[in-house]
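When the chains are written out, they are named A, B, C, D and E in that same order, and each has its own residue count from 1.
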Amino acid sequence: MLEVEGLVGGYGAADEILKGIDLALPARRMAAIVGPNGAGKSTLLKAIAGLLKPKAGGIRLEGRALGGLPPRSIAAAGIAFVPQEANIFPSLSVRENLEMGGYLEPRATVAQRVEALFARFPMLAEKRRRAARTLSGGQRQILAMGMALMVAPKLLLLDEPSAGLSPKAAQGLFDDIAAIHAEGTAILMVEQNALEALAIAEDGIVLVDGRVARTGQAAALAADPEVRRLFLGG
Amino acid sequence: MEAYLVAMLVFAGLYALMALGLNVIWGLAGMVNLGLVGFVGLGAYASALLTTKLFWPMPLGWAAGAVVAAAAGAGMALIVARLRGDYLAIVTLGFAEVIRLVASNEIWLTNGTDGISGIPGPWRGDVSPQGFNLIYLGIVWAAVAVAFILLARLSHSPFGRVLRAIREDEDVAAVAGKPVLWFKVRAFTIGAAVLGAAGALYAHYNAYIAPEGFAPLLTIYIVLALTAGGVGAMRGAIIGALFVMLLLEGTRFLSGAIPGVSPVQKAALREGAIALSLILLLRFRPQGLIPETTRTKASP
Amino acid sequence: QTQPLVFGALPPLTGAGGPYGPAMLRAAQGVVEAANSAGGVKGRQIRLAFEDDQTNPDAGVRGARKLIDVDRVQALMGTWASSVTTAVAPLCWENRVPLFTVSGADSITLLPHQGHIFRTQPNSRLQITTGSNWLIAKGAKRVFHIAAQSPFAQSSQEVMTERFSAAGGSVVGFIIYESNKTAFRSEVDQIMRARPDTVVLNGYRPDVTILLRELFRAGYDGRRFTFAYAAPPAIFESLPNEVTNGLTTFQPSPDLNSTAFNRLKASFGSTDVDPYSAQVHDHASLAILAAAKAAEATGTGIRDAVRSICQGDGTKVDNVTDGLKLIAAGQAVNFEGASGPCEFDERGDIRGTKFRYDVAEGGRYRMLELA
Amino acid sequence: MAPILEIRGLSRRFGGVVALDGLDLAVRPGTVTALIGPNGAGKSTAFQCISGVIRPDSGQVRLDGRDITGWRPDRITGAGLVRSFQIARGIPRLTVLENLLLYGPAQPGEGVAAAILRPAAMRAREEALRERAKAVAARLNLTRVLDNQAAALSGGQKKLMEIGRALMAEPRLLLLDEPVAGVNPSLSAEIASHIASLRDEGMTVLIVEHHMDFIASLCDPVIVMAEGRRLTEGSFAEVAADPRVQEAYMGGRVHA
Amino acid sequence: MEDWRDLVQVLLNGVMAGSVLMLPAIGFNCIFAVLRYPNFAIAGFATIGAFAGWVANAVYGWPIGLALPLAFLASGAVALLAEEAAFRPLRAAGPLTVAIASVAMTILLENVIRFGFGNDLRGYDLPILRDWRFDGIRVNPQQLQNTGYAIVAAAALFLLLGFSRLGRAMRAVADNPVLADIKGVDPNRIARVAVFIGGGLAGFGGMLIGIDTSIDPLTGFRVVLSVFAAAVVGGLGSIPGAALGAMVVGVGEEMAGVVLQPAYRSVTAFLAILLVLMFRPQGLLGGRN
C-alpha cells in the first residue's frame, strides 16, 4: 500500500539526511522502525506526511504519488501522523485538541469519537476543559495519540508514541495500537522502546544514518544478537 | 555637493550609532525597544542643557548625555523586567512619547516646543562650514568605530552568549545559573548609553533640538535600518544605517526625475518608494543584509 | 550668465503640515513662472528647487542641506513648522542664504541670524494682541483659550490674560492640548463648564475641525474665534454649515483691493488661498525682485537688497512682472504682496500689517472688517 | 548521613488541579535516587518548584540544610543544584556547543569589562569549558552535531543535549527529568554507566524516569509518587514488589 | 471635579473615545490571534477603509449604511493583498521582522492615499447631531451608535472565534500551524480569513473615526499607538481583551485633564497601561504563552 523508493531528503542546507530509502508496507500491516538517535527516523515519517519536500525519490500510497503534496492533502488521502515533538495545540482545551484531530471528519462522527476517547482515557475526560499546555509530559503523549484516533486512517504514522509514558500507560498504549492494527489499519511506527514495538509489529526496519540497514520480520530482528547489541540495548 | 555628501555621512554615522545601541538591547538581549528615540532625546537634551546653560565643555556634555540615557535605560530595564516582546514594545513606545511630551511641556527646563538653539559645536564658527562638517564627520565615525569594536567584542563574548540565550528562553538561562535581570539591566544600560551619546552628538551637530525632532519617525528609521542590516549582527547595524540613509536621500534625486506629477505626489512617491524598498529588501533577504552568525565553532 | 538662478522651497508636503505645504509650493511656483515669462532676472531664468520637510526638523535639515549644497540655492523659502525653521536657520546664515519663513514662534527672529531671516507671518505676540483687542472691542468678556501645544501657546496665553484683564474681562480657562489626537471631549466639557462668551481656538486644521464639531455637539452657542490658517475655506468641505456658521477667523491681510491677492486667487482657481500661500507667494516675489535689484544675485546680495524693494518711496508694484520691468529700467519699487505690504523691521519681522476678520455663513466667508 | 536535598510538605495547585499535595522526600548525598510515579503524579512540578522556576504554594525545599524555597533559579544553580527539562528546551538559535558552554559556571567573560578587555583568565576559562563541552558531547554521541543550531536536532539528540548541559554546570546535585525518554536503548545504557561513574566521583543525582531497566540498573533508592504525594520508598526490588506500585504504575508487566 | 456628574462625564467620554479605537484594536488582535505578529499596517488599512467609504459616500452619494460595508471589504482586500505579497514570505523570519515590514507597509499605504487624494482633510456627507443631555450629562447619538457598531462587531467575532469550527481552526493554526496542517487544516486559508476580517474591521473602524472627525492620509497613523496600546493592555490576541483595552486607553486619555493636564493625554494613557501591565504582564484578558 505504501511504497517509498530511493527517497532522498532533509532540511534546507542539510538536504541529504535521508540517503535513499526504499521500503514497502502492504495494506493492514504494521512495521516498527528502530535505530540510533539522529538516524533519520523522524525525517522519514515527516517526508511521508508531507512536511518535507523530497529531494529525490518517490512516495506512493495505493499507487498514488504523494511526493510534493501538502500535509493536509496527505491527511485527506488517509494518512494520520503523530509527530514526535510539538504534537498538541497548547492553548486549545483537551476537547478542542481532539476535535481538531477530527477536523476532516463530519460533525456527528467527531462528537461520537470524542465521547469514545473520553471513555477510553478517563484522564482526558477529567481534563477536557483544561488547556493542553497544562498537561504533564505523559498526558500530552496520550492526547496526541487520541487526536490521531479521531480519524479512521488507512495508514497511521507514529513517532515514538510511548516516550514519557509510565510502564502501565505504555503497556495500555501498545495494546491500543495492536487493537487498531487488528481492525485493519496499516501502521508505521518509530519506537525507542524497541522490544515492545517489535513485539507487536510484523515487520522491523533498522534505520542507520539515513539508510535502511536491516529489514525483516520483527521477531527475527528482535532476536538477532547483532541488532540487539547495537540498537536495542542488550 | 561634497558638503552635502559629508553632511549625509555625518547623519548616517549618527543613525549607525543609534542602530548599534538598539542592537545591544534588541538584537542581543531580545528586548524590543521601540522607544529608542526617547533615549536619544534624553542624551541630546542633557548635553544641550549642560553645555548651553551650565557651560560645561562639550566632551563632558556628551558623556553626560550617555550617562543620563544609561540611567534611564537601567530604570526602564528594572521596571519592565517581567514584560516580554510586544508588551515591552508598547511600554518603550510610551516612554518615548512621555519624554517628548515632557520636553514639550516643561518649558522652564527644556524651553518647550521652541526647542534649544545655539548649541555649540566643536570649532563651529572658527572654521568654514565645510571644515566643521569634516571635523564632525571624523568625530561621529570615530564614535561609531569605537562603539562597533566594543559592542562586537561584547557580542562575541560569553556575555553576548548569555544575552542571546536570554533572548530566546529566560527560564533556561536562569536555570543555567545566569542572573537574568542583572544581564538585562546591563544590556539595556549599555545600549541606552550608546543611544544617549548618539543623541548628544546629534544635538551638537545640528546646533538645535526640539521635541518634534524626537518623534516616532526617527525610531521607525532606525528600526528599519537595523532590520535591513540584520538584527543581532553589529556590522549589520552599520550597513543598515548606511542603506537607510542611501534610501532616504537617493529617493530625493529619483523622485525629482519623474515628470507629470504634482509635488505632493512626488513626496508621496518618495516616501512610498522608501517603504517599498524596505519591504522588498525584507522580502528577499528576511534576515537582513548581514545575517547573525555564530562565532563559536567546535573546531576553530 | 546663462546659468539659471536657483531658489529653494522647503514646505511640509507630508506629516502634520501636509494640509498646508502643497498650496504654499504652488504659490511660489506661480511666481517663478511669471518671472520667467517676464524674462527672468537679468536674463537668467529662475529654477525653483523644492524638498519636503516632512514637518520634521531632522528631515528638514537634510532637505535644506540638499538644497543649499547640491542645488546651490540663493534663497530658501516656505518653511512652516517653527522647529524646522529654527533647525535650518543656522545652515542658512552659515552658508549666507536668506530664509523666508511663515513660522510664527517669537524666538525665530531673535536668533543671531545676521539679517538672513525674513518672516512674513506677524509674530505670534503681535497676532494674538491684535486678535484680543478686536475681541475686546466686540464686547468679549469671558474668553476661553484652547491651544495646541506649540511654541506660541504659552506666550499667547500671557498676552491674552494681560489684554483681557486690562479691559475688565478675563480669560476664564486655558487648555494646552496634544494636537495629534482624534478626540477632545473632555476638553470641550471643560470649556462648557467655564461658560465663556468666546472660545479662542489656537490650533491647526485637523484638531480645530474636531473641536468645532465637538463644540457644536455640546451645544456651545457663543463666539468661536480662530486663525484663518486653522479654518481656511477648505474647512467647509469637512464640516457641515450648521457647524461652521458664525465662526470668526482673522488673518494678516493686504489691502482689500490688493491686486496681488486677487491675482493669486484667480490663479488658484477653484481652491482658496490661505494665509500661508499668500505669504509664500510674497517670499518668491521678494527673492526675485531683490535678486534683480542686487548687484550680484547671490544670497548676500539678495539679503541686502530685500528691504530696498519692499519699503520706501518707490513705485508700488504687486507682481514680479511689473517689478522686474521697473527694476530693469533702474526705477525704485515698493513691493506690496498678497499677504500685506511686506515691510520688515531690523530683526526681519513683518511690520504694520493689517488684519482682516471674516465670519463663516452658509459655507463661505464674509468679510467683517479690515483693520 | 544528612540529606543533601530535603523537601517538606511541598504543595502546589494550578487552578483546581492539585499537582503537589504535601510532598516529603529526602535525597542522600552520593546516591542516584529515582523519583517515579504515574503520568501526572507531580514529578515535573516538583522539579519546577525545587529549581525555583515556579514557586510552591507552601512547603520547604532545603539544600544542604539551607532553606532555598523561593530563591531565583540562577541562585539555586549557583548553590550547586541543576535540573534538566522534561520537554527539551534548547536555546534554538544557539549551536549545540554554545548551549553547552552556556551552562559552564564561573566564566569571568560574563562580566562587561572582561568581555571587552578579554583578559587571559577569560580565554583560558573559555578554552577549558570548550574542552569539557567536547568531552561531554562525545559521551552523548553529539560530536557530529556540535555546530548545529539546537533547533536542528532530532528529538533524541535534544534530550541528550539537555543532559549534556546539566553536566556542564558541574553541579553537586543533578536533577534529571526523563533523561532517556526517546533515547536509543544502547545509548541510554551508556548514559546510565556514565551517571554511575559521576556518582562515584561524588555527585548526587535525582532522576525522574519511566524506563524500568534504566532505574533498576542505576538507582537506589527509588521514591514512588502518586497524586502529588510520596507513596513509598525503597530499593527497586522493594518498590516493584509493592502491590500499590504495581497497580498504579507498573501495570503488572515489569522488564527488569 | 466639582460634581459627580463631571466624573461620570469623563468616564463616558472615555468610553466614546475608546469605542473609536475598539474596532481597529480588535482587527489587530484578530490578526495577532492567528498569525502571532503585531500588524502595524492596521493603521494603513484603517485609512484605506476611511477613504473607500468616503469615495462611496461623498463622491457617489451612497448612504453611510452602505459605505461602511464597502469600507470593510476594501480594507480587507488590501490587507489580504499586503499579507500575500509582502508578509507571508516573511513569516518564517519571525514575528518581529513581519512587524517591521508592516510599519513600512503603513507608510506605503499612507502615501498611496496621499498620491491619490492629496493631504486635504475631508468629511463625510453626514449631518452632525447635537448631544442628548441627561441630567447635565451629554451623550452624542452618533458616537453612541459608533459604540454600538463596535460592540456588535466585537461580540460577533468573539462568538465566531470561541465557538465555531472556523474559530477553533484559527486558534489551532495560531498555536501550531504545522500540526494544524497535518490534521487537515490549510493554515494559509485560515490566515487569509483572519487577515481579511482583521483588515476589514480596521477599515470599518477607520471609517467610524472619519465619521467622528475627518479624514486625511494620516487618519490611521494618528491612532495606531493608541490602538496598539489597547490591544496590548487587553491582552494580545484576545478579542474581548481588545475591546476592554480600548476602553482602558480611552478612559485613560480622557482622564488626562483630571490627573495631569490635557497636554499630557498620551502620558496618562501610558501610565494606565504601565499600571495594568505591572499587575498583569500578559494584559487584562491575555492568556499566557
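Note that in this section contacts are C-beta pairs under 8 Å (C-beta built on N, C-alpha and C of every residue); 3 or more make two chains touch, one makes a residue touch a chain.
The model shown is predicted, which means the values in this text are computed figures rather than measured ones.
Q: Which chains does chain A share as contact partners with chain B?
A: Chains that touch both chain A and chain B, as defined above, are D, E.
Q: Which chain's C-alpha centroid is most distant from that of chain E?
A: The most remote chain is D.
Q: Which chain maximises the distance between its CA centroid and that of chain B?
A: The chain lying farthest from chain B is A.
Q: Between chain D and chain E, what is the gap in Å from one C-alpha centre to the other?
A: 47
Q: How many angstrom between the C-alpha centroids of chain D and chain B?
A: Chain centres of chain B and chain D, defined by C-alpha means, are spaced 43 Å apart.
Q: Give, as an integer number of Å, the spacing between the C-alpha centres of chain C and chain A.
A: 76
Q: If you look at chain E, which of its residues touch at least two other chains?
A: Counting only residues that touch two or more other chains, chain E contributes 111, 114, 118-119, 261, 263-264, 266.
Q: Name the residues of chain D that each touch 2 or more other chains.
A: As it turns out, chain D has no residue touching two or more other chains.
Q: In chain B, what residues contact two or more other chains?
A: Counting only residues that touch two or more other chains, chain B contributes 101, 104-105, 262, 264, 267-268, 271.
Q: Throw together a list of every chain pair that touches.
A: A-D, A-E, B-C, B-D, B-E, C-E
Q: Report the residues of chain B in contact with chain E in the complex, numbered from low to high.
A: 32, 79, 82-87, 89-91, 93-95, 97-98, 101-102, 104-105, 216, 220, 223-224, 227, 231, 262, 264-265, 267-269, 271-272, 274-276, 278-279, 282-283, 286-287
Q: Looking at the complex, which residues from chain D come into contact with chain B?
A: Counting only chain D, the residues touching chain B are 51-53, 72-75, 77-78, 82-83, 85, 89-95, 97-98, 101-103, 105, 107, 109-112, 114-116, 118, 122, 126, 134, 143, 146-147, 165, 169.
Q: For chain C, which residues are in contact with chain B within the complex?
A: The contact residues of chain C facing chain B are 13-14, 18, 21-22, 25-26, 50-52, 54-59, 61-63, 65-66, 68-70, 81-83, 86-87, 89-91, 94-95, 105, 107, 111-112, 149-151, 153-154, 176, 178.
Q: Within the complex, which stretch of chain E touches chain B?
A: Going by the criterion above, the answer is residues 38, 86, 89-90, 92-93, 95-97, 100-101, 103-108, 110-112, 114-115, 118-119, 225, 228-229, 232-233, 236, 261, 263-264, 266-267, 269-270, 273-274, 277-278, 281-283.
Q: Help me check something: in the complex, which residues belonging to chain A touch chain E?
A: Residue list for chain A touching chain E: 49, 51, 70-72, 75-76, 81, 83, 86-92, 96, 99-101, 103-104, 131, 147.
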